[in-house]
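Each of the next two complexes has subunit A plus one more chain, namely subunit B in the first and subunit C in the second.
What follows is the complex of A and B.
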């Protein structure tokens, strides 16, 4: 029983947490690709930037959260999302739109986004240094330990307040995105432009507004993902580097240009990672009496050591590109 | 002055000009058909009228108002709509959503127009919740025309509406085009199936190498032995 609780803590909860983060990042990557047809490599940096905005606001007004009863970083999230969305629109106006208007090849846009990556990373290091930061410097992080109604289960399911807020936020974001894309005029115009940009223009759809909307959603979700991840662990300046590969893997595994695919891909990559680094001997140990003696259960039995976690999305990405290049939801082929 | 006049247009895709002085004029209640051999500049003429191509010389006026080199989204506001030859629907959007996207520029209530499109193209009504990409070629063409009609255009431009369709669907689409015209929409279309198209044309324009060769009523062009021999395959 204790082993199962351990599994829930280490895989179910941890996988859902990281899957939610990847899903929010991948939605942004996939939407930018659907509308603007290029892989936006600076997306991880929008996540880091959003988290730093939230942190700066928390440092300026540390008492706000305690007054409301929520972590201050979470209270500041909407402001950080708006700021990051504005930065995303600014980046588009300053760097991507001039290139788009000159009808450059997609690879030039990708290169430009790598340049943007370096700029944002430099700016973050310039103003915030390279050390890891904790959002909970002035308040305590609430941790809930849930007991299971079984006598054998002595271990408790552990879940933190930021994790609960993350799950609530992701559920709300996914439902709102679905309603936006299927019910609203602008959301349908976004899908139309993703389907056929020329016909969208011929139909009189204001493609400029659609592009803005895309950056607002992508930037907002990036800020949310970065902030909520940093609330769960700590805020590290290399956040963008560690997130970039998994969120691109999630977008491609789900099917590039498919928002629902990005969500599925995000959770798939998240769970694949946690399952790969999970120590399976813990589940095997109770079976020791039935396993023949000559099989020794090692202390540590994980598919991948934790420090090589980043290889998991990479392997998944290669596998999908080889066997199903369109991804789960039949997206565009890169 | 005619409803639409395009006077000696010169235009091309960067390189040499494709249009070398094409002129088109048509009255508000008519169907105009542009025919001619491959490379004559038929589709290019339509694209130039709809602002998809820069016109270097010449003048286009709609209802007395000059519209030369206006962008397509502005022309939609002027009451023009264009149906491209290929990729003319949003494949993952439902039929109904395709029609809604046609009405994107409208801020008023357009449900009566959706009903009218379903009346004009009855097969679409049953398929309105289906993604347009799943429909047959003929039905997709209906979605494309329906999408363009949503703005209640005064002028509808159709680029080869029967390309790749079976003969059965071809005559069905021609019937629908006549029906649309009867609702008071001026239509200019480019057609490969020149004979059938000229039969329904009030005005026919025979182009060759970016210039007008013959311009007359559709029936006169069909009866003209010279036109028949050089352009309609005898």
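What follows is the complex of A and C.
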């Protein structure tokens, strides 16, 4: 039983955590893909930027969280989301819109977004340095150890407060995104523009507002993902670059332009990563009496060493591009 | 109009003055070192300019091809490690290689099973299981051998081959990897190519950094041999100057060949595909095949450029491959110089590289002023790592340059000249 608890701790919980983060990032990427039709490379940096906003606010007002009973970083999250959404709108205004109006090729937009990536990265490191930071400098991180009601399980299921908050937040975000896209006028306008921008424009949809909404959703979710991830582990400036490839993989695996696909893709990539680096020998060892003698259980049986974790989203991406370029949810092929 | 000097002449004249100033103020040895490095970057930029400028392909993983070139030249030219060759490890590696080949053959056979009427789903399932088993057994067999090589003999060592062969191998393997990526991505929109190349570059770096038995990982390998006598035989200036001759000849050869290709029907077809893919395809051009050709060709050049630069620095350091220095800097060179214009790429490479090397002391100097003024006027306590932060300012400037050039001068300083046949 201990082994199964270990599996839950290392795979189920860790996979859901990283999957939620990827899902939130991938929703933003896929929406930008759908509405503005380019791969937004600066998305990882929007995440890092949001996390740094939350961190700066936490450092300014460290006592707020204890008063409410939640981690301060989480209390500051709405403010950080608004700030990041404003930055996203500003970036669009300053860098993407002029190019869009010149009718440049989509690739040029991609290049511009890489330029924006470097600018945000440079600014973050200029103002915050390159070292890792911990959100919990003034308060302690609550860790819950759940006992299982079985005799055999001596290990406990470990889950931290930020992780619980992350799961709650992601569920709330997904439900409200679903309601927004299916029930509200603006959400329907977004879907219309994603399906056919010209038709949307001639039928009187204000495309400017739709673009703004896209950036608000993408920026807000990016800030939330970055902050919640940094609350769970630590805040590092190179967070952005490591997240970029898994997020793109999630968006493409799920089907470009499909928000639900992005959620599915995010969890798929997250679980694939954790399952690939998990040491399967631990689960096999209790089976040793059953397995015939000639099969030897190695000490370490992981598909991919942890250092090569990045290959997992890449392999998934390539597999999807080869076999099913539309992704799971039949998205666009750009 | 006729009395005006051609734009290229003015630009290169200014560049010459800039180089002269650098050499005069910082000494010939330093100036020539900078020029050699800039010339290696020019090879990288030529590789990128044909991918982006001739064919409109977005390669966000220049670093990966650079690293492959660097690794191959290290493997080929570094002196042989006798401890490795006299042990039984090479034999074991060859056995594992044969197993891997057998595994690949089995996978290929399974991929052809639909010919004898196997349902597609069953074939896919069988294939995934086989790939998993083959992969796990090869990696499982390789791990102990790698560990043994690492603990007993350090690392595999080089092959002791001549340097030019190392560069050629670097280009060839970079081209091989480009072929694999291009096969997968070139039929789709160029965004996918950007994502895939970004990913493969990071993966190549991760492998080079962690496969200690093959590359010595973070311990780095040095010194690598030069194609010309090293400075301890000729002195810094002469040795570096002769290295510069080698790279200059290389650039000249590449330039002439590329110019010929640009003017040839092949180059015309490439531009036709870039400017209007649908029209080109409807005229019967095999768009994806041509793109694959030029993607491979560009990556080969990047591999050679990376190999040449690594040989020159004499140090193979996998953690030194940075997307900023080895991908985005090359991007700035190409778009600032003028995409699609080979002279522009060379100009951009030398010009941007000089600015880049000068920007480090400049940034430190500016922040030093800021620090002393801040302390005097506002009683500001600067953070202790201000110097390392000052260098991050260059990241910002590179990003700003990319966005500004794209917006205000999308064709660069030396724009591509369109030849019109009236």
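In this text, the second predicted complex is superposed on the first by the 334 of 334 C-alpha atoms of A that agree within 3 Å, B and C clash if a C-alpha of one lies under 4 Å from a C-alpha of the other, contacts with A are read in each partner's own complex, and residues count from 1 in each chain.
The working rule: a residue touches a chain if its C-beta (ideal position, glycine included) is under 8 Å from a C-beta of that chain, and two chains touch if they have at least 3 such contacts.
Treat the numbers as computed from the prediction; the structure is a model and nothing was measured.
Undergrad: Looking at A:322, would you say it contacts subunit B, subunit C, both, or neither? Reply first, second, both or neither.
TA: After superposing on A, A:322 lies in contact with subunit C but is clear of subunit B.
Undergrad: Mind working out whether A:191 is in touch with subunit B, subunit C, both or neither, as first, second, both or neither?
TA: It touches subunit B, and subunit C stays clear.
Undergrad: Given the superposition on chain A, which partner contacts more residues in subunit A: subunit B or subunit C?
TA: In the superposed model, C touches more residues of subunit A.
Undergrad: Return first, second, both or neither, reflecting whether A:200 touches subunit B, subunit C, both chains, or no partner chain.
TA: So A:200 only meets subunit B here.
Undergrad: Taking the superposition on A as described, I'd like to know which of subunit B and subunit C A:129 touches: first, second, both or neither.
TA: After superposing on A, A:129 lies in contact with subunit C but is clear of subunit B.
Undergrad: Could you say whether A:290 touches subunit B, subunit C, both of them, or neither, answering first, second, both or neither?
TA: In the superposition, A:290 touches no partner, neither subunit B nor subunit C.
Undergrad: Which subunit A residues lie in the overlap of the subunit B contact set and the subunit C contact set?
TA: In subunit A, no position sits in both the subunit B and subunit C interfaces.
Undergrad: Please output the residues of subunit B touching subunit A within their complex, sorted ascending.
TA: 50, 52, 72-73, 76-77, 82, 84, 87-93, 97, 100-102, 104-105, 147, 151
Undergrad: Name, in rising order, each residue of subunit A that touches subunit C in their complex.
TA: 38-39, 41, 95, 98-99, 104-108, 110-112, 114-123, 125-127, 129-131, 241, 244-245, 248-249, 252, 298, 301, 303, 305, 307-308, 310-311, 313-314, 317-318, 321-323, 325, 333-334
Undergrad: Looking at the complex, which residues from subunit C come into contact with subunit A?
TA: 56, 58, 60, 124, 132, 135-136, 140, 184-185, 188-192, 194-196, 198-200, 202-203, 206-207, 209-210, 323-324, 328, 331, 335, 383, 385, 388-390, 392-403, 406-407, 410
Undergrad: List the residues on subunit A that touch subunit B in their complex, please.
TA: Per the touch definition, subunit A meets subunit B at residues 185, 188-189, 191-192, 194-196, 198-206.
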